[in-house]
Amino acid sequence: MSTEKIKNSLKNGPDELGYYGEGEKARGGFASGETLMPILKNLQDAFEDAIKDKSFIDKFHYYCKHWINRPSPLYFAENLTKKIGGAKIYFKSEHLNHTGSHKVTNCLFQTLLALRMNKKRVLVESGAGAHFSAAAATCSKFSLPILGVMGNTDIRKVNSNIIKAKHYGAKLEAVDGSLKEAITHVLKMWTNDPDSYYLCGSAVATAPFPRIVQYAQSIIGKEIREQCLKHENKLPNEIHACLGGGSNSIGAFHEFLDDKEVKLVGVEGKTSAALSKGTIGIMQGMKTYMIQSKDGSVAEQTKDLPSGINYFSVGPQHSYLKDIGRAEYTFATDDEILDTYKLVARTEGICSALEPMAAVCETIKRAKGKPKDYIIVTSLCGRGEKDLDVIEKLRGSDFE
Amino acid sequence: MILSERLKKIFSAQKPKTKFVAYFVGCHPTYEKSLDIIKASIDNGTSIVEIGYSTSEASAEGPIIKAAQDRVIANKSSLKDVINLAKEVRDYNKDVGIILMGYISNLFMFPIPNFIEEIKKVDIDGVLVVDAPHELKEENTLRENLKKNDIAFIKLVAPTTPNERLKKICDMGSGYIYCLNYSGTTGVKSVDLSQVKKMVEKIKNYTNLPVCSGFGVKTPQNAKEIASTGVEGVIVGTAFVDYIEKNLDDTNLSKNLGKNIKEFTNILN
Amino acid sequence: MSTEKIKNSLKNGPDELGYYGEGEKARGGFASGETLMPILKNLQDAFEDAIKDKSFIDKFHYYCKHWINRPSPLYFAENLTKKIGGAKIYFKSEHLNHTGSHKVTNCLFQTLLALRMNKKRVLVESGAGAHFSAAAATCSKFSLPILGVMGNTDIRKVNSNIIKAKHYGAKLEAVDGSLKEAITHVLKMWTNDPDSYYLCGSAVATAPFPRIVQYAQSIIGKEIREQCLKHENKLPNEIHACLGGGSNSIGAFHEFLDDKEVKLVGVEGKTSAALSKGTIGIMQGMKTYMIQSKDGSVAEQTKDLPSGINYFSVGPQHSYLKDIGRAEYTFATDDEILDTYKLVARTEGICSALEPMAAVCETIKRAKGKPKDYIIVTSLCGRGEKDLDVIEKLRGSDFE
Amino acid sequence: MILSERLKKIFSAQKPKTKFVAYFVGCHPTYEKSLDIIKASIDNGTSIVEIGYSTSEASAEGPIIKAAQDRVIANKSSLKDVINLAKEVRDYNKDVGIILMGYISNLFMFPIPNFIEEIKKVDIDGVLVVDAPHELKEENTLRENLKKNDIAFIKLVAPTTPNERLKKICDMGSGYIYCLNYSGTTGVKSVDLSQVKKMVEKIKNYTNLPVCSGFGVKTPQNAKEIASTGVEGVIVGTAFVDYIEKNLDDTNLSKNLGKNIKEFTNILN
């Protein structure tokens, strides 16, 4: 991973102040309380320093390979492709990572960073619990105590992730609400204990997190490039990914930002579709699109079924990519997502998490009628164990 | 630079020795009661009132102030209502310092130019925005505009703030410097007096602005101890918000809270 | 995979009659009713034919790689090694396979075989549900209807596997009891519908299943050889694996049968330790060690916590390997297994299935005091999601 | 080769035209009742009784016979008990054919040489082992030993059995050939008469042994139809086991079941 900046490249990352873009159009920034500001600056420096350190990056790659089992396969979804009858659909199989989602790569990167910074304790927020259990696994592996915060709504939905996290030795603090509330709460906990390391789970919140998470997750897109060239001798025509905060999507997109011919499509949940229906605001540390009240006093309660994408806001880099037209964003409904879950289970023998099924909804729409050599790569960013109870409740287990 | 003439006057007065700064959540528990409470606070010797406007994702509020803000949000009282409230406070008293305090979200959506225009009209003395460090573009806009309009921009410094940054912030701030007594959210920790003392000394190395210190001041005794560190003002918030939340049904709420406030202003006189 | 036989090699597989070894010492065989005998012979021929067909084997390898994500990593359990203080412990990470256990490799192989034989329906038994959900995923992928049989005791323990299997489109038939009863019942169902394909989930039952399952799973040991040579420039000193029927263990062992310097150790559950405490008998199609009544009328009810190894009998090849002293067999108790589960979660950040923790119990005992360059590879043949509820019930989620 | 002199005599007798073969689970529901039932069966015209010994993992038993065997196992009645039972049956009647039927497990553990010795003493006519195809070493041992002792070894053929294999099995069997009417477990399917007819014809191409056909024969009418296919004997099991299980409390169980059996033997006479 070179850290050199290429002129005019979209891959250069935000400026020193954490902004993507300039002037009025700048997205991101440090909208943080003073207590954390020095901590954040320190983190930013430590990050910049770490990624210049070859031995650090080598260590990250070592555990990516041996513990996470990267690269995750680029899987030709043969049956789905046939069924839809159009573009060739590939899944980037992040669900096969150790701990079952893309989240673990970011956890590994930041845990190594926390160790490098000599931090003694880790705090995390989580929506779907995927980040919580992945972070707990990573912290167990690297012997760091960890405390997670989750909303009660999500705790009920994805209980298995919580049991796992606890087995790894993590503690949980529950708050009313969902991911939004968990983030606000963990920022407060961090403010109360600024010596701890906040391991942010998505490409959101105050700088430097959007950049750090993007950096760690960009391995997804790098692998896609290599694998797609190997399988198909060309780049994909489109890359699709779901967005909560936007870490798996920015991870999949980033490598291709300068390859203008590759279409990048992000998919949110219907009620939390900040990029389709939101307005620019500043909350939870960042200036970005969000579903908020007109006066900026309230982040709206969203209610999408997949906890991991049920988030009122979105990472600032996505807002920027939308504004400049480099990426497109849309949304899927709970019903579409559940139907697509079933379709993928029944055609490809993959029990997916609900979140990535939002992306596959769009993949199906766009694949139809495309030529056979048109390639769509969709990030299958998590496996479905965590969602089984909810799906059973809503659709039964027989789908009849 | 203090900027607001009124704040200048407040801090240059001999008495009270240490100014008392009271924080209230604006429109809490209702618009009317909030007005009564602030009036009672002024009547009982408060020099400056910080009136908070509410945001759902406020990141520096402990559970007590959060509950109060959630109530305000549920009542649909907005920043506009808080400005109206401030206007009535100003109408009631021309000498008290009035600071609006909250998060950048509401100001950004107002948007900032309109916000300045409104508060100028209402004769507000200063603004404090918790999540707008000088790294933030909106902070820059706000700071510039406030300055142009002679409204103070209160900046916070924290125990985590390193010296160089402290100096920078002191240079940028106006009105007074808000010194955080500990690293953390409102109302959750206790104050380590020797730490505060060191910090106040450090701040005073960098600026001539008055220093008001807040967070964790729960009792008049606390306030007196804090005053001994050399600060010009002591800020109390959570203790009063807590009192309000616990006495919502008290028909003499403002009067009783006033007595409570009186104990603080007496001890600081 | 060469199918040529080397003289005196232990890797040659059973004789035509399905026996490992000769005369009185022969283990295995076809102890089946006449209705199934022609079907079994036919299957044996089809298997022998298929493994000589390069395009078939290529197809198997293609999906192993792209769908299952083989090879599974050989993972250096650094923290556990340090904690124990002796031999270098590696985990063969079968838990990272798609569907979460080693079972899927066998399912893939036999599903391809079923398709090659033009079968229209698949029957499976399952203990831990790992085989059921893996087979259901595979059958979904290859569009074959599938019916599974499980014991009620197990259905209660590992419900998430059942929901998954149903999401993949499988049907379930419940019987009283556990894996033993499921096998007997599925053999009856097959007898009633001999045109269907019985996809046996372990290296057990009548010939030719022990051989077919061994063949498919032997990819585990082949990968271990290659990976261990790459990491360590030598073969492992010991290979450990848990045994229910013995598919993951024979899969791990088989490649090394002729490398006499490599110690092979199988670990059963305490009450189902057929190889440590059983007698030779003939039930469920095979002559092998089993926990039975003296008069051969009753297969004893075993009651080990991990459903996948709670099986009264064991694959015949293991019985043979025990008799000739090529492999050693021992057992672990439920309590040891739960303690080891916690230890692995807390040191390596891996939430394992309970079954392989039986093997790790033994690994820990044997690693102690060994030199630092002594290498033990232990098969981590499944992940833990299926067991979370049971562990929580027995130990709580906080382990306090 | 029929081997057993008694079976030879049974099958060469003019009457009944088609021999009636009754299967019972030995010691079901108890040792004593089982003995009474078998005696009643003989008294009502049964030519051959197949007495089953029980194994927990029996793989060809439908739910009804499984339930009966489970009861026997729960009662701890073993193969030894079944042999004793057979001895009492033999003491009661010297003409009836007695076949022991079950799985290889119990014989293997007996072990086989002792088993042969015991049943020889008891004057048993034949043995049928469901899960012992000629591919199994234990089958070879058993077959050899039975032959040496002039005890018949009843072999099964199934609709799935291909011709070449059928011939081989016919050559290896003795006593009679047990023709399965369908592919499946006991008592769960109905008989397709034309299929059975074809199969019986095929068997008769390969052997002079009598053919008895079983599985799915539920009523006397069924039995009559099966008899029309040219078999020498018709086997009924599940129907009687079911009757026993449903009438456990009947104090006249054996007598009433006997009447039931009489209907079969009458129609086949």
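The chains carry the letters A, B, C and D, assigned in the order they are written, with residues numbered from 1 in each.
What we mean here is this: a contact is a pair of C-beta atoms (placed from the backbone, for glycine too) under 8 Å apart; a residue touches a chain by one contact, two chains touch by 3 or more.
Fair warning: this is a prediction, and the values are worked out from it, not measured in the lab.
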Contact-graph distance - origin chain A, target chain D: 2
Distance between chain centroids, defined by C-alpha means - chain A, chain B (Å): 38
Cα-centroid distance, chain B relative to chain C, in whole angstrom: 68
Residues of chain C engaged with two or more neighbouring chains: none
Chain D: positions in contact with at least two other chains: none
Chain contact graph, described as a line, ring, star, complete graph or other shape: line
Pairs of chains in contact (touch as defined earlier), listed by label: A-B, A-C, C-D
Contact set on chain C toward chain A in their complex: 65-67, 69, 72-73, 75-76, 79, 93, 96, 98, 133, 136-143, 160, 162-164, 166-169, 341-342, 345-351, 384-385, 388-389, 391-392, 397-399
Of chain A, residues touching chain B in the complex: 17-19, 26, 29-39, 180, 183-184, 187-188, 191-194, 279, 281-285, 287, 292, 294-299
Interface residues, chain D side, partner chain C - complex: 53-62, 73, 78-80, 103-110, 130-133, 135-138, 155-162, 165, 169, 180, 183-185, 188-189
